[in-house]
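The chains carry the letters A, B, C, D, E and F, assigned in the order they are written, with residues numbered from 1 in each.
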Amino acid sequence: MITGYFEDLVEGKVLESRGRTVTQADVVGFAGLSGDFHPLHLDVEHAKKARFGEPIAHGMLTLAIASGLIELSPEAVQAFGGMDKVRFLQPVFFGDTIHVRSEVASLEQMDDSCGKAVLAITVLNQRDEPVVVFKMRLVVGTRPRTA
Amino acid sequence: MITGYFEDLVEGKVLESRGRTVTQADVVGFAGLSGDFHPLHLDVEHAKKARFGEPIAHGMLTLAIASGLIELSPEAVQAFGGMDKVRFLQPVFFGDTIHVRSEVASLEQMDDSCGKAVLAITVLNQRDEPVVVFKMRLVVGTRPRTA
Amino acid sequence: MITGYFEDLVEGKVLESRGRTVTQADVVGFAGLSGDFHPLHLDVEHAKKARFGEPIAHGMLTLAIASGLIELSPEAVQAFGGMDKVRFLQPVFFGDTIHVRSEVASLEQMDDSCGKAVLAITVLNQRDEPVVVFKMRLVVGTRPRTA
Amino acid sequence: MITGYFEDLVEGKVLESRGRTVTQADVVGFAGLSGDFHPLHLDVEHAKKARFGEPIAHGMLTLAIASGLIELSPEAVQAFGGMDKVRFLQPVFFGDTIHVRSEVASLEQMDDSCGKAVLAITVLNQRDEPVVVFKMRLVVGTRPRTA
Amino acid sequence: MITGYFEDLVEGKVLESRGRTVTQADVVGFAGLSGDFHPLHLDVEHAKKARFGEPIAHGMLTLAIASGLIELSPEAVQAFGGMDKVRFLQPVFFGDTIHVRSEVASLEQMDDSCGKAVLAITVLNQRDEPVVVFKMRLVVGTRPRTA
Amino acid sequence: MITGYFEDLVEGKVLESRGRTVTQADVVGFAGLSGDFHPLHLDVEHAKKARFGEPIAHGMLTLAIASGLIELSPEAVQAFGGMDKVRFLQPVFFGDTIHVRSEVASLEQMDDSCGKAVLAITVLNQRDEPVVVFKMRLVVGTRPRTA
């Protein structure tokens, strides 16, 4: 998605990613990778009696999948500096399909070789409801000069 | 780690987690789960010529493993509301061992059944250097009254 | 669950673990890890015609998940010496939720630093029916003396 | 399946493998391993509107599972040289159970120690419909002489 | 390995399996599947200071891999009833290659259709040192009569 | 890589993919997914005595990773019809980094909505040596007309 160099980024530009369905296999895999086996995600009997009535995906899994959907350009993006105001707005259930809307929120040239970009990320489900929002801080390189 | 109910939390209290080594297998697994195959993590030849000289773990993987090390009490923690000021300070290399220091930063009673807690999280490597810091927003239940 | 030192263990004491749902993803993952692709677990058409009418989890997978639910204290438990009288009593179907009941069956002090503990483990499903029972042999350390 | 040495192979001989159900967990796992997250496999909403109305397994996953079902003898098979005329004839849906029919198509002695074998492989689903066909080129060793 | 029917089993008969190297990826995968992240297996810094000086495989992982190496015949083996006297004799380090020696320890005909078999299993490393021993209880079918 | 519609493809056009290192974790993961635990890939002791002196990646794993590196456009590529003349030319060792060179070998318009494209694929290692070659048959859509 962020396929261009720093010069190619325009404040206010919005891009949409492809979608991906969050499955039981993803949640089981993420539990194993993170070590977070909280029963809200992994225990169907517990989840039946809890707030949402069925298991939900880990918030961190939604972030992880979103980070893959954003598809940062390997050539241009030099560093992922951090995130601000990450808010989990709605649960993601097994079988929900999420995609990412990203808007270039701000740009700041640092020097000849790179600049700071802040993306306003919204992760949406198949009903276009926002499930997670956050600001993503990137260092993006400028176009290399051909010798 | 956060094993108690809202009444058991004390501002300023600091807890340390067990450690876990971040391995090549974790990075390969996280790439597959997230879909983020950025060559800084997955292409040794690319990484040799990049800033750190060898592949590094995804920042989101470090967050995911940290979320498992924090070991939130299934009984008490009702919701993971979000994160603030997530900053990736240092790279995590394959073979680094991370652990989590969490401090109760603020507490706010919401009603009889629960309250908001903010934890100041520091993820540290085997040399006790901070690699990621963030604020974690939780809703923590109060101790259930026995009937 | 076994969170204390040898001195903290009391014969006859019973503890219950959290639960975890055994999913298709767990069975597929375990087949891949163990290399056991027996059609009772991995071939729906074969399983339809076999004794239980649908695929069941590997017995060894139930043991593996049980070993994680027991949550032995890293500080106190020094070694896992073996198991006795492991009996698979009932099948675990995809979607069943298991938890572990463990009773301290016997204790034997070895020396100043540790002792032998035998736990009588019962793995139960969501209807509280025992699916696996076994005796688990552990070496548990005594509380370290503060200098 | 190919359990014998070169001398044991007979042109026209046909063997059938055990079966294996292709699950959502396999497709999610293969996406992660290959990096191929094409929405025909991973996005339920996209698949609903596409040709088959639901997600299908990657063709390469069907090949991968078929290669495991063929169970080449570690003692006899020395090399997997290649494939010809790989044709994906029908989609494999989540929950389909596939097995492999392999026929010895041709044999050519190379020297005292080995020969070339070509197998005509047909991967079939639970309705015995061919889903993939291909020719598999192997180097198979002759029976070692006992000293 | 146990490829025959009950009539084909002979008390005292010994069989050797192929080998498999136990890797870091297997240990990380097993931790994720079982939820057992004990630092003896997953924390290199902890393991350096512990008894063996480096991380070791979970005992349950060694059992799981052994169960796959035994390769029970899907046609003949009807049930895996349990295990007795499981003893972990030596640690399995990352990179060790294990194989399984199985001896038919006892046979007991149950009825026309099946019998009980007990296998004495020894898991050995690349120096032929036993790392785990156990007795495995199976129900094995008799050869089906052709109509 | 194949990011355009049928009209955008030009015979003889060559594209290079990003790279990816084939790791032990990938080989262990692929063995588990495919069920192919051949000792050339999974048994270090066996591999030491075999032709290459160390374990090598499955040929099918190299194909699988190559299929992900090619990055077919979800919008334009409608079907993956098959492969011809797949030849494994050199082993891929753990730690080798592969990338894909793809050339548009032939194009054939089928109707208004799509055409057949054949890509000549070469998978190369970090020394630019071809490790696998094959022809890939695709159905690629024409650019949708805006209403």
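By our rule, a residue touches a chain if its C-beta (ideal position, glycine included) is under 8 Å from a C-beta of that chain, and two chains touch if they have at least 3 such contacts.
Being a predicted model, the structure only gives us computed values, none of them experimental.
Engineer: Touching chain E and chain F alike: which chains?
Structural biologist: Looking at chain F and chain E together, the chains touching each of them are B, C.
Engineer: Check B-D against C-E and say which one is joined by more contacting C-beta pairs.
Structural biologist: C-E
Engineer: More than half overlap in residue numbers between the two sides of the chain B-chain E interface, or less? Answer same or different.
Structural biologist: Answer different: the two copies use largely distinct residue numbers here.
Engineer: Could you state the distance in Å from the CA-based centre of chain B to that of chain F?
Structural biologist: For chain B versus chain F, the centre distance works out to 36 Å.
Engineer: Please compute the C-alpha centroid of chain A, do the same for chain F, then give the distance between them in whole Å.
Structural biologist: The answer is 28 Å.
Engineer: Find the geometric centre of each of chain D and chain F from their Cα atoms only, then give the gap between the two centres in Å, rounded to an integer.
Structural biologist: 17
Engineer: Among the residues of chain C, which ones contact at least 2 other chains?
Structural biologist: In chain C, the residues touching two or more other chains are 18, 20, 24-26, 28-29, 32-33, 35, 37, 39, 46, 68, 74.
Engineer: For this structure, enumerate the chain pairs that meet the touch criterion.
Structural biologist: Taking the chains two at a time, the touching pairs are A-B, A-C, A-D, A-E, B-D, B-E, B-F, C-D, C-E, C-F, D-F, E-F.
Engineer: Which of the residues in chain B end up touching chain F in this complex?
Structural biologist: Residues 24-25, 28-29, 32, 37, 39, 42-46, 55 of chain B touch chain F in their complex.
Engineer: For a test of understanding, state which residues of chain F touch chain C in their complex under the given definition.
Structural biologist: 29, 31-33, 35, 37
Engineer: Enumerate the contact residues on chain C facing chain E in the complex.
Structural biologist: Per the stated touch rule, the residues are 20, 26, 29-30, 32-36, 38-40, 46, 51, 58-61, 63-65, 67-69, 72, 74, 77-88, 134.
Engineer: Using the touch definition from the top, list the residues of chain C that touch chain A in their complex.
Structural biologist: 18-21, 23-26, 28-29, 68, 95, 97, 126
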